[in-house]
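Worksheet for the structure shown next.
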């Protein structure tokens, strides 16, 4: 199969860099266009980001000259697939324009996540929702697929195999890493030796996106599931990895053993299709008393391309009528760039991207 | 009133230092004896702790010569009140011996907290339980009063004014400071840039102690309340102040306004009696979106002797059938030494300590 | 004496807040005008900075309505003295305009520090250089006085009493706190668990400003001293307090005892004049092996108005032909706002500000 | 060649783990014995260290059962080479006993570093000093080779190629990582948001060991070089990597270009012999203004076995009569286990270990 010409818009941020790393030497995709803000346009990728560890990137990527973030520049490169790491404010209109021009857009931005016609996708959770891309193709030349918020990306994977037990409510408190706010989004002055118990709009996203992801495809839209979600989001002095304290209520009787087996045995389409970025097991369950920890477990799923793609779960315990556990997800990999790339791999293998491997 | 001769056992640890600070120039108590481990015995308080900020302590306290931690040494000093900052393993037997010798022991150790005859006390929450000291006095020459675990010390204060609304369950995830593990208890290697989602025995204490504190005195013991408590405890890279994410279920209909008013209007015996270490308001409710934060709010209640004695609550919000908020408590002040001192002040004013102000 | 009407320009940054704290209820100055960027104009000081600890400020300061940063707004308030906490880029022209209008400007910005006609002043080091203000008054209606860079503010104080021993060279490596970069100047992503061995233009400032400060007034300008200065500046994950590792070469034979006595016995004009913000001793010498430390010693000089105004020195040791020590200075107090306020207090007591106490 | 049976004494600490990682699947050595303290004896390596990232170790190493740290246990395993990661207090006598029994000991402990008959070795710096092992073999059945202190391990490599320019003095201030103090050696309470300007005995080691390393072999001992060394050592809140601010005086005229070329062009025996753990270039010189940084550069030299074996240098600049730069060394790799393994590889290739590849 000939690799599919691919663009990354907003490649210099923390998520953009992860896109560049994951798409370097990818079996399905070949980078034709990297865009950045005007400050970096015209520089090479390496020159625009002197502070990064060059060993993550191929020489070709390092030498890639950055272009401005416009639909024209992207189309001129011949790209048929676009990964978007732009902020929501600018991402929405550009993505719509690219879709109108026939491109397949995989977006980490929140702009279109709750749009009824756009799939909010985690291949292990709701691969069937990708069908909404075909719905879009009836109205547009291309389509948009979104991946959820970084918290939801981990949470929904852990909840998916437990839905069968009649999950009623999820109470979740997050310990979110500073990379979630972008390279300059969290000031050292605010977070050093501190915890900030607020992240703007985050709790709303956690509730809505979890319900859409776990919802049921009904023709041209998704019916949200009825799950009660009680999120509390905070920022901690951690670089990468969103830890989550989760408490669950079930309507059915279920044992700890059943839950443990459901978590460890869980696999889905990405594993069956052996997608390049899929971890062998999407969920890793720890026995040790003090895991998962961001520093020790954030790259679970690897080594190699799937590093950071597995969700780590630990301290699974019965608490009266409930079950509790802690969960860790790499927020800029599984929770952002990696999730988006996995979505695109599923789309390629589903035959949605003409010319790609099917 | 003549000050009551008072001992601190284990004065060199983080909690012991807080005892020394709070009892320095205290209107009720005068330090007659400071004990430490054999490594420090014979040194002055200042010499034993070169790394502390001397400005917190009076010259008299700084010059105090440390004695060994034995009942004999304490009694020889003439102490009638003892504050214990020892680890649970060694604290239990010593406290029992001191009680047998007629001393009044106020302990931060967990050894006797769940003993039916020993009050587990927060003056704002269950001042009436101090009656159990009289029960002890029928069998022993002295008595023991305990203050709860550092997490519970904050949580129970915030829950107390909400019990009237029919509180059914409390889900709480903690972000606990390193000082909770003692000066050398948490290694930098483990916590720098990390979160550790486990603290040994902590969740058990949170559940049991909360139910005893909010329970009903029934003659010579306390009937635990039926509250469901779902704790999840973790350690974060913060020096002082345990932040807690709390989610509440009520059996009655209640509005956010009612909850806010109950929290801000709450006062109890310590405020009515104007106890020296009592904060003007035990609960401070924040309107700002991103409070409370450990670095900004840990010393709430002050300035002066009551610094760190108020509990800060913020982000109060309705979540479907529930209410959520974040709470912050100074773990070595309200959650340890300050809580114990306030208990002793209440005992003095209740006439339980002969010779003290009544 | 009637307090002198005073403005703070740029009051919402970390240095501006320290100005507001130090000028609250000041015996010489009364706040007539607080300015901020357009985002905050029209709000009260408290409303513009929800994240600050209100207990640092009087109710009057908290209610002060912020104005835009223009010479017209400042003059309209009747201010005769202006403290500037603006960035250098905007500070230079505004300060010159205010001087032209007859105001006395005390600036923390670097714009005019190396201007031959402007004193670069630390009252303990070169009080005589204030004479340059009279030079300015011959050409302008008002004058500008600058305080040095935050590193130099500490270093020059420690070097001053040692100049008598024939100091030849100073090698200094800094460990600078994040507050030195402003509230949002250092990203958590860059500094958490890290050290960044570079601060733009800092080493040049350290060398030049140290030589001007320790130089000799020669009529209408200062002749820089010949001291060799070898600076290396870095940023560490500390909130407040610039630690410095210093190595000194002398042309004369000198003993450790002589150096220690010169440091501890050092006092100058601010102490003799009992200026309100002057610490009792400008230099505190530690015997303990592991001091000074930012967290323990940053507020040396206090309690009260002079907290953070003393420089802490420790680990004084002979090293072959040299002497070494570590030094700590509070970068936003002695190294910025406090230094500037002390300069203004000296100017008032020197009779340079008409109407002020003389 | 048949691999040489090898023991690691003290394999569970941070340095011991690095030994285990580096000797896993090593071309020269095969692990026959891993020892630990009595707390871990009898457990497998994996069970004794639940908090480590298992992906670093082979299944064989993970299943290795830990033995007690005695000469008898080591000999019983058939080991002919021993790597020691024990604390100096216990390491000295055990190493002497093992030498007496004919084993070749490569030690990271300080016990024998300044012993005239024992080489203090960095293969890139003073490979010739290994000759002292033959001196030992005349008196003992085996020999001891030591690697220097973690600071010196980096510093001496950077100084070696500059000695030709007539280096007179080195002023060095260190920013040392917490791993240098061992897993539990630095308490979070002391270092979070802080810098501690003291590490016991460190400055003495830096001065003495640098002079021995750069000294001249004179028959059966080393004559220390005359270099003046002015060290100042501090601990910072970094996990791995000792950053160093260095200032150099030369007796000869030298240009920045000459220094840069000497650093970047430097190679020595390990590179010529292609030793398995040798980095391609021992020194990596950065052009970027803000490098090296611990988080970005600590693993320089890799990927693979040589990760963490290269020293990073940056901010090379002329300062009057001097030159300054910052230097970074991975303290538990090049500064400890990796340095020791490289020493052993050199010994094997020098024919000092019978039966090893020569």
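The chains carry the letters A, B, C and D, assigned in the order they are written, with residues numbered from 1 in each.
Definition applied: a residue touches a chain if its C-beta (ideal position, glycine included) is under 8 Å from a C-beta of that chain, and two chains touch if they have at least 3 such contacts.
Every value quoted in this text rests on a predicted model; they were computed, and no experiment measured them.
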Far-end chain from chain A, centres as C-alpha averages: C
Contact-richer chain pair [A-C vs A-D]: A-C
Approximate Å spacing (C-alpha centroids) for the pair chain A, chain D: 41
Intercentroid distance (Cα basis), chain D paired with chain C, Å: 43
CA centroid of chain A to CA centroid of chain C, Å: 47
Residues within chain B bordering two or more other chains: 51, 192-193, 237-239, 290, 296
Chain C residues within the chain B interface of the complex: 50-53, 55, 192-193, 288, 290, 296, 302-303
Partner chain C, residues of chain A touching it in the complex: 14, 51, 178-179, 183-193, 237-239
Interfacial residue positions of chain B with respect to chain A in the complex: 171, 173, 175, 193-198, 200, 228, 230, 232, 234, 236-239, 243, 245, 247, 289-296, 314-315, 319-322, 324, 326
